[in-house]
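Each of the next two complexes has chain A plus one more chain, namely chain B in the first and chain C in the second.
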Partner chain A sequence: MSLSEATSAPALAGRTSRVGWRTRMAIAATLAVACLTVYLLMRTGADDVLRWDFQFGLSFERRLRTATAILIAAFCGALSTVLFHTVTHNRILTPSIIGLDSLYVLIQTVGVFLVGGRFVDNGDSVPQFVAQTAAMVMFAAVLYGWLFSGRFASLFLLLLAGVVLGLAFRAFAEFLQRLLSPTEFDALSIKLYGRLTAVNADLLPIAGIACLVVGVIVWQRRRVLDVLLLGRDPAMGLGVNHQRELTLALVLIAVLVSISTALVGPMMFFGFIIATLSYQLAGDWRHRATLPMAFLIGVIMLAGGQFILHNIFYANGMLTVIIEFVGGILFLAMLFRRRGTM
Partner chain B sequence: MNQTSHNTTTSTDTSPAIAFTDLTKKYAETVVLGPVSGEFSRGGVTALVGPNGAGKSTLLTILGRLLTPDSGTALLEGVEIRSMKPTEVARKLAILRQENGVNARLTVRDLVAFGRFPHSRGRMTADDERHVDEALGFLGLTDLSDRFLDELSGGQRQRAYVAMTLAQDTDVILLDEPLNNLDMRHQVGMMRRLRRAADELGKTIILVVHDLNFAAAYSDRIVALKNGTIAASGAPSEIMTGELLTEIFETPVAVHVLEGGPVAVYAGL
Partner chain C sequence: MTDTATDAPAQAGPRKGTRLGRVALPLLAVVCVALLLASLMTGEYHITLAGLLAGDAEMWRMFFISRVPRTLALVFAGLAMSFSGVIMQRLTQNRFVEPTTAGTAEWAGLGVLLCMLYIPGASPMVRMIAATATAFVGTLVFLGFISRIRARRSAIVPLVGLMLGAVVSAITTYLAIGANLLQAVVSWRSGGFAHIVRGFYEPLWAVAIIAVATYLLANYFTIAGLGKDVATSLGLRYGLTMGIGVTMVALASGVTSVVVGFIPFLGLVVPNIISALRGDDVRSGLPWVAVLATVLIVGCDLIGRVVVRPMEIPVSVIMGVVGAVTFLAILLTRRNRVAL
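Showing the complex of A and B:
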């Protein structure tokens, strides 16, 4: 078959870059570290000139908190989305698009509605965060476990059901918020969700620990996740307990979405962007490559974006808006590209 | 029932490869299968035939434990399948349904290597690599092994999936319509390879086929299903009669002997 080799070899070289996945990972990691460093240590002075700043004062502490939140948000977004894509065998829907973060907001709102402002305003946010995450895990595992149990054969039916569920959660939460007293509403809206620039610092330690635990579990299961890329039936044929993997993954995803929503608020398309880019750029389809790559892309995007917006456009707080805008366009583009084929 | 054992290396255990009792499956009050009982002896190629909706794929999918029956039991080499660990089953039985798309850009070799997962759990040893090479060679895919799946023709992809089930190195292989999407030449090639896998490697192969003549030419035993139950089973010469086939398929079928074997004719009658 020397003829076919001769003709197919150049095409192959042109199609797949020779850069191996480890090299790609190293490049992404370097970029991510550079973005974080620059974000932490460079500031625009009063004279509008950008320069290094080694004064580790209050402003640095605030940026350090934001940087930590960026790491956690990128981690949660990357893991939850890639994991979700794999166990549900699709690459369009993400936890945020089908309304998992809206579910988190709804659970919080119902809490305030039933218990009153004390629910979010008791000074110590950690036990409350744990309780909410537990409630979230329960609801998400039951509801989405049902949704993804195979009853909805078509992806687009799932998309529709998921988006409608997400809208329903959001609408119901907003309805309840209107019934709250102004004091309670204030308490809720302050604590409801953080932003990248106003992180709820109490939560950082517990969020970091939870991320580590989830990360270790996912990393140990990465080879099983690789098999799940084949779809339900082939994976089961190869001895994977599909139902168990799906349930475990939904629980982990619920934890990740809770952490990230509590820390930096809902970002509908963030996970979608970083996962989609990771599949393109990781250079290997295995989870050993796609998971860390999605995380690194997330860090680059959030830290780099935050730095540029803060120091060049003076538009603090605009980052999530831009990410949603770009992400929404990318989402539509992917939908059109797939055109029904799943 | 075919008792000609092509290979004596299979275990000395005399229980049939697969035995099932009173299996039933309903979808929304419509019974699609059963109650049906039967067994598949070890070795050889068995073809499941029957009209659309007869329950062929349902039976195969239940035996491959991808679908839970509403009632009844299925034994794999004497042990109830549902009581076995998933990995344990996956080392003894491989099942391939119609492909449903991979969510990643895999090469042929990547896909076939997945067949080793029940043995290697993803850490490929030299022995695993050898099995992958053999499976690729057996299906004539060695030259294509570094191609991406999405660059292959439907027939080549189908062969890659069969190579994956072969690399799984199980005694029993269940195939749901492995001839789908293949042209004549590749259908013949596929059946020859499966025949060889049964003869040379001692596999027990059970497959759903639509074309009666492929079933007759390459299998040791034909099981005909109708309305969710077994209508007839036996050697091809027993099943391939005009009268029986006409009744099962509810359309006129004539059987002639050509080139030494029975051939069903049903078009244009």
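Showing the complex of A and C:
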């Protein structure tokens, strides 16, 4: 496959480390729990001093919602990106860089454009969530399935096509949004972009359940995914139905991306950062290590970052901007590390 | 009317070569004139051709205050973006480079924001100088980045530029949030021609000067496009040509982005279609680049003016859709033929 030449997984040849993957996982888990605890239970008082706070009032409830959203966002980002990397056999493309979350925004916008405000205004959120996700899954499977089954001259050309496709989705969604009436636009924009600090609470239960289901499916297939890391042809030689795995993975990824975009909004480089760090730090190339490690790194990054920004810099909604910035630089660095293939 | 504007370039795809060019190009010129007339005649204030010919003084006054400046501004913006695209594609030897995919536009945005932050109440002229300066720095950074890439034709060149642009735009957003200027940045970025009246578009005449300079220097850019070694042995002062080219691009995109905001993908789509129809000679292609750019930008602007009348959709939004789709079409039709 053309993808594999440019970005064959380097972890397979990685040297074995003295620290085992279980130890690394335990350290990461401890850190993640510590970050979450500190975020939940410490606040800056009126006198500008940071101290423990055991009053479980409204403010605590709000932070609890944000913490849940952090867990779900880290889970979705980690799983979707690592899964995507494995089935497309590359470590540069991520679902959000090639515009999957822009596709989600576009589908929502088209829905409101065709049906009107009640498309998102629906009180009963479960069937609606299912319907939206179904539309997203269909489009993603058809579109990206087609993109990845084509013969591209290079990975970078494919990546460019993906990036431009994402830009096209965003521009078209913006075009349609300009045609909506102000009330419809309001209804849409409330539902469309979540933020970590202002989470849409009635989405949390169904998002959590969907995450659990996807998590169980992925965990059961982790050994198949390990085989897929070898590349398309070796995996097929070992009896893996590559086309089926690719389609299934795209479906799961579409579900995860819709959840995380609905909850915390589009984050272009978040999944890329945590997946890249996870390959470096997990100490094992198997998915039993890389998947949980990416999740834990995501939790540490979001909860720790949110805590530091909130209590030290007093800058609430900036976290995603900083992640974009750092992630963009990391992405460029990764591109340049592959100079040999350019 | 508006349909022909967007369909014509799509039908004139890069497949059939020059035979198609002989039919498509004159047709394009006719469409261009028709669109310009339509743009002059479209708007909320009632202006009719008959009224103008009869010498209605009020109509003529509005015509020169609002319609003529807007149409001229459109033409100049189209020229600025497409000629910048032509120059950058020659200098980088890569077909996918233009102010959007090189991050130049985002750098200009950073310049405007810095100007808002540190020189509040600056005149448009100062803003333009700031935008041009950062666009210049940004283009140099981009060129520095891609000089490390061995395969000049690779699709990685525009990718690096787009990601560089994303990073710069994250910095801009960060600074804007800190200073509570995010809304100003967003509304400026989507820009548009709605507010263009007499007394506001005049800086764009600078673009006309740059366009003439591009035409005069076209042969130098053609030779520079052969690569540093070949160009130098043909007697070209490569460094000087690069410097002049980058300055012209920075100036054009700086001025345009201050007056009308970003116009994505125009500089990529137009030169590619023209060189597919006519070949790679810069000088003889430039007039057609100008015509096609005018057709596209005026067409997109007309769609934006007509669809949600009496409101308007900024041309950057429509251009984003049309441009991205055309870019994709070029990418996907070429993926079999060109080993990029």
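Methods note: the second predicted complex is superposed on the first by the 320 of 342 C-alpha atoms of A that agree within 3 Å, B and C clash if a C-alpha of one lies under 4 Å from a C-alpha of the other, contacts with A are read in each partner's own complex, and residues count from 1 in each chain.
Please note the rule applied: a residue touches a chain if its C-beta (ideal position, glycine included) is under 8 Å from a C-beta of that chain, and two chains touch if they have at least 3 such contacts.
Please read these numbers as outputs of a predicted model, since none were measured by experiment.
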{"item": "Partner chain in contact with A:Thr86 - chain B first, chain C second, else both or neither", "value": "first"}
{"item": "Chain B versus chain C as contact partner of A:Ala168, first or second or both or neither", "value": "second"}
{"item": "Between chain B and chain C, more extensive residue contact with chain A", "value": "C"}
{"item": "Which superposed partner A:Leu179 touches (first chain B, second chain C, both, neither)", "value": "second"}
{"item": "Which superposed partner A:Gly239 touches (first chain B, second chain C, both, neither)", "value": "first"}
{"item": "Which superposed partner A:Leu159 touches (first chain B, second chain C, both, neither)", "value": "second"}
{"item": "Which of chain B and chain C A:Phe331 touches, first, second, both or neither", "value": "second"}
{"item": "Set intersection of chain A contacts, chain C complex versus chain B complex", "value": "342"}
{"item": "For the chain B and chain A complex, residues of the former touching the latter", "value": "64-66, 85-91, 94-97, 100-106, 110-111, 114-115, 117-118, 121-123, 143, 146-147, 164-165, 168"}
{"item": "List of chain A residues in touch with chain B within their complex", "value": "1, 4-5, 8, 12, 85-86, 89-91, 223-224, 226-227, 229-231, 233-234, 236-241, 279, 285, 341-342"}
{"item": "Complex interface listing, chain A residues touching chain C", "value": "150-154, 156-157, 159-161, 163-165, 167-168, 170-172, 174-175, 178-179, 268, 315, 317-318, 321-322, 324-325, 328-329, 331-332, 335-336, 339, 342"}
{"item": "Interfacial residue positions of chain C with respect to chain A in the complex", "value": "96, 145, 148-151, 154-156, 158-160, 162-164, 166-167, 170-171, 173-174, 177-178, 264, 307-308, 311, 313, 317-318, 320-321, 324-325, 327-328, 331-332, 335-336, 338-340"}
